[in-house]
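Chain naming follows the written order as A, B and C, and within any one chain the residues start at number 1.
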Amino acid sequence: MRSATTPALLVRNLHVTRGGKDVLNNLDFQLAAGEVFALLGGNGAGKSTTLLTCIGLLAPSRGEVRVLGRAPSEEPEAVRASLAYLSETATLYEHLSARENLRYFLDLAGKNAGNEALEAALDTVGLQPAARDQRTARFSKGMRQKVAIALAILRETPVLLLDEPTSGLDPVAVDEFNQLLITLRNRGVAVLMVTHDLYGACEVATSIGLLRDGRLVSSFVADTDAQGRHRPLDVEMVRHAFSARTSA
Amino acid sequence: MNLLHCLGREAGLFIRTRSSVAALALLCVLASIAIGLGHAEVQRQEASIERVRALDVTERESALAGAPDFGDAAYAAYHLTWNPPSEMAFTAMGQRDIAPWMLRVRALALEGQIHETDSFNPELSLTGRFDYAFVMAFLLPLFAIVVMYDMVSAEREAGRIPLLVASAGNVRRLWWQRTAVRVLGLLLACLVPMWLGGLIIGTSAGALLTASAIVLVTVLVWTAVILVFSFRPWSSAVIATSLTGVWLTVALILPLGGKVLIDYLEPGIDGAQIALLQRETVNGAWDLPKEATMKPFFVTHPEWADTRPVTEPFHWKWYYAFQQRGDEVAAELSGAYRAAITRRDELTGWVALLSPPVAVQRALQRLAGTDVQASLAYEQRIRIFHEQLRRFYYPFLFNEEPYGLESLKDLPRFE
Amino acid sequence: MSQAMKIAAGEWTHLLRTRLAVLTLGLLFALVAIAAINSSAQLRAEAAERLQYQQQADEAYRAQPDRHPHRMVHYGHYVFRTPAPLAVIDPGVDAFTGRSIFLEGHRRNTAAFSEARETSVLTRFGSVSPAFTLQVLVPLLMILIGFSSVARERERGILLQLLAQGTRGAALVQGKAIALAGVAALALLPLFLSALWLGPQTPTEALPLLALLAGHTVYLAFWVVLIVAVSALAGRARTALIVLIGIWAMLTVLVPRLATDVAATTLPAPNQAEVDIRLQEELRSVGDSHNINDPGFQSFQQQVLAQYGVASIDELPVNYRGLVSLQGEAESSAVMDRLTAEQHSLQRDQAGIVKLFALLSPYIAVRHLSMTSAGTDLRNHQQFLDAAEAHRFALIQGLNTLHAEELDYVDDSARSRDAEAEQRTRVSSEFWTTLQQFDFAGTGAAERVRSALPLLLALFAWLSASALLLRAGARKVQAL
């Protein structure tokens, strides 16, 4: 049973081995509802592995992952029902329209969203009404990403996993995306985000960590103001600290 | 969530994939063409049988009318035997374009007649007919490969697996649902033309159900084979290459290898030897004393032993006795010939265990009554009829009764 | 080294380093070699067997005792077809035609005991011959080896790199085609080797052998060019593979069967039983030559009497019964020949329809070219039947002449009732030893090559069509 103190996502002492190699080494972090944890790191640092382990596509060799108190490797279906996933490439079915994609994936997730909710979500992400019935094959990356985010919104899951959601987006789209993420955060969604974008991360994240060779080598937590709202992190400070850790 | 709803969702996704729908539509069209052509061929054969049966009656009447005695009558009168296409023959032509399905016999030695071949065009036989069994054996697996080979790898190559997993919860169930949709699509494309064809000509539901079961098993076997490969963590191209290799092996290389092996294990008997032996016996009798023929004949036919002995150089009863002897002498070799054919057919059954295309053709031909066994069974029916024919003529010949058309009204009929 | 050759060398290096490609190459070579070996071993055994049967039949005929000549007419004779020398490469329709014919009086039998009738469903899957392997299996294996040749470079972004280095699109596709042509050459090697081995043994077959080699070479060249062209035109390797397999299935599996059904449906052949009944009706008007009083021979009798200037058949210097046999056989043979010619021409027309489909499938073109050159096609089989018929007619009429000239009419008429007369109607067994050897040489080499030439042209047309496609492919590569 989930108690009030159960973290939305708990990663404790996590080790993951792939092809005989430790890709994650003693990873520890947790986040509660309304928190955004941004995980930064170079290629092969283990960022995507962390996400795949949270979905239950990879199993821990040691340690544990809990999503709302449940282990993905033990109760994959219950865990997956409580999280949404957004990938770097926003992988939709190209031969389906935006609306068809949404309906398909929502149905797949066992979610019954009415037409109004669907349109509202598409409004929220800002997809032009004219584009909604077009096949996504010709969509720009930003448009596809909007559909994928709409899907994540519509699923109304307490946990959101993002795999480099802003890579390849134009600056305006990145800004829109970050605002959306803050909205979700304020609604109480717990977000684990893997990203290259330090600026974006500092703007939206409540905490931020640097992953290198499967280890969490550095992390920062954002301050909160009097109302308990998170303040953006200081980019220069984080960058300074990270570059020191990276060159070490 | 109920299964039907899930299948509906996956079917909706599947039918929006243009290439897959085109593949299934093409399969359905090809199956329909095969059914249509099979249907036309069956009708042609039925019409041919009907026409020749009518001709046969008038031809026999004029032959009998012109005969001076029973010996001549039995010599001149041919009797048509026929093997009508079964209600399922439109699905599998099988042996019907290499083994005769109409044969005229007379009361002479049967071994000299029963091996007659029909005038099939060998160049058409070489390729074989475009029948439903061919579509199921060779084309269906290729279409199954096309709609299923990249079911998993395409999702992986598009990077969609995590999203699918996160959405579906249980992705294994999703693969099963997608497999089920593809299997249902393949079955629909194959079975609808067959059922329509069957219902039009009034085939019994039982036979259609059996054929459907054969198609179902074929689809399931190929699905299993394809899934073994498509679940591998390989690229789509490698999976497609491997599956094509598998198809090539089981559809062409294994059957050909099997044939070489069967030729080696069971070379069979050259039928020409039977005809040679029979002919030596029949013709040799002319130069032998009459007793050399009549004595062994009376051993197998003691009922005529007490009739008047043959004293003249030629007498019909002696003539038919050595015809009978010719068959009796050749019987052993002829039996061995058929046994060898049966044995080769059994060995083919073993090849079928390894090769679904061989298996499905055999199964459909068995059901359609167009396989080797059916053609041997027709041969057996001819033998029985021929025996009736002989037994009909013997009393007239051996009792040397005066000829009269009235006596011939009870001539055996082939049914 | 030119650009194209460099690309080709690179492709070969790639193939030899890819496990699947090496496996396929090995399979391809093994199949062609096994087919060649099996086919030649089987054929040699069969040729020896046929020869032995023919000798046995000849000896049995020559060893017949003193007999009435008409007994020999019914005893008859067997002739066996020995396989054509080039059947080693392409057995053609041989498995579906009878291998022996019983020659007897009054009847024109057809060849009986075909292999297909005796064997199982497996014969329908093709033949274990170099021709089938090269025409059907090798193209598919070449597809598996070559489908990704250009598409792979495009997928991995190497295409861009090559073009940036100044490689021309044409040179790239040419190089890939040269590499794949190497694979085709490997597959053709056993055929060329067996040609070197067969050529000196049967010098008359040199020309057809050349046509056969040329046909298969052009055919495989068509596939080489097509495979590279599709690989260049397709966006992705798997698309190329699926499209190529589709084309292969259509050209070698689907169209031939459809062609067969179209031929059989548009020109339905009458059943043998039907033809036999028609024949019998016509023969009844000829008359029964066993019965000299048959109304069919009344005018013949008048004619003979007038010719010899005698009043009755007893006064004839020859045996009238023999004359009737001669006349009856000649008349009935004419009827039978006419009906058979009709049947043969219908079958050739059916084959002609199938051959038209060479416009839809180069496989049909190469298959007919191969069968025609090898002398294992329908036409050759029909010529065998006609040759056997000519042999039969000569044999039977020789016996009927004996019947007319060596036998006494009175004895001959009484032989069924009078045992002594019967003895006197037996002619010496020495006559049987003069049996002529049956020699069937098959269609002449020049004629075979002549009828193969249009098909070779058709294959060149297919090759040109695929070359056009390759040019389009080169342009697409150049444009990325």
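One rule holds for everything that comes next: contacts are C-beta pairs under 8 Å (C-beta built on N, C-alpha and C of every residue); 3 or more make two chains touch, one makes a residue touch a chain.
Note that this is a predicted model, so its numbers are computed, not measured.
**Student:** So if I look at the partners of subunit A and the partners of subunit B, which chains show up in both lists?
**Tutor:** Both-contact set = empty.
**Student:** Just by CA atoms, which chain is the most central one?
**Tutor:** So the chain sitting closest to the middle is B.
**Student:** Please compute the C-alpha centroid of subunit A, do the same for subunit B, then give the distance between them in whole Å.
**Tutor:** Averaging C-alpha atoms per chain gives centres 63 Å apart.
**Student:** Please compute the C-alpha centroid of subunit A, do the same for subunit C, then give the distance between them in whole Å.
**Tutor:** 70
**Student:** Quick one: subunit B and subunit C, Cα centre-to-centre, how many Å?
**Tutor:** The mean C-alpha positions of subunit B and subunit C differ by 24 Å.
**Student:** Of all residues in subunit B, which touch subunit C in the complex?
**Tutor:** Residues 30, 33, 37, 40-41, 44, 48, 51-52, 55-56, 59, 62-63, 66, 78, 80, 94-95, 98-100, 102-104, 112, 115-130, 134, 138-139, 142, 146, 150, 235-238, 240-242, 244-245, 248, 251-253, 255-260, 262-263, 268, 270-272, 275-276, 279-280, 283, 286-287, 312-314, 340-341, 344-345, 347-348, 351, 357-358, 361-362, 365, 371-372.
**Student:** Can you name the residues of subunit C that touch subunit B in the complex?
**Tutor:** Against subunit B, subunit C makes touches at 20, 24, 27, 31, 38, 42, 49, 53, 56-57, 60, 65, 67, 71, 74-76, 78, 80, 92-93, 95-100, 102, 109-114, 116-128, 136-137, 140-141, 143-144, 147-148, 237-238, 241-242, 245-246, 249, 253-254, 256-261, 263-265, 268-277, 280-281, 284, 343, 347, 350-351, 354, 377-378, 381, 415-419, 422.
**Student:** Can you list the subunit B residues touching subunit A in their complex?
**Tutor:** These residues of subunit B touch subunit A: 1, 5, 9, 12-13, 16-18, 158-170, 174.
**Student:** Which of the residues in subunit A come into contact with subunit B in the complex?
**Tutor:** Where subunit A meets subunit B, its residues are 51-52, 55-57, 76-78, 80-81, 83-89, 91, 93, 95-96, 100, 104-105, 107-110, 148, 155, 161, 163.
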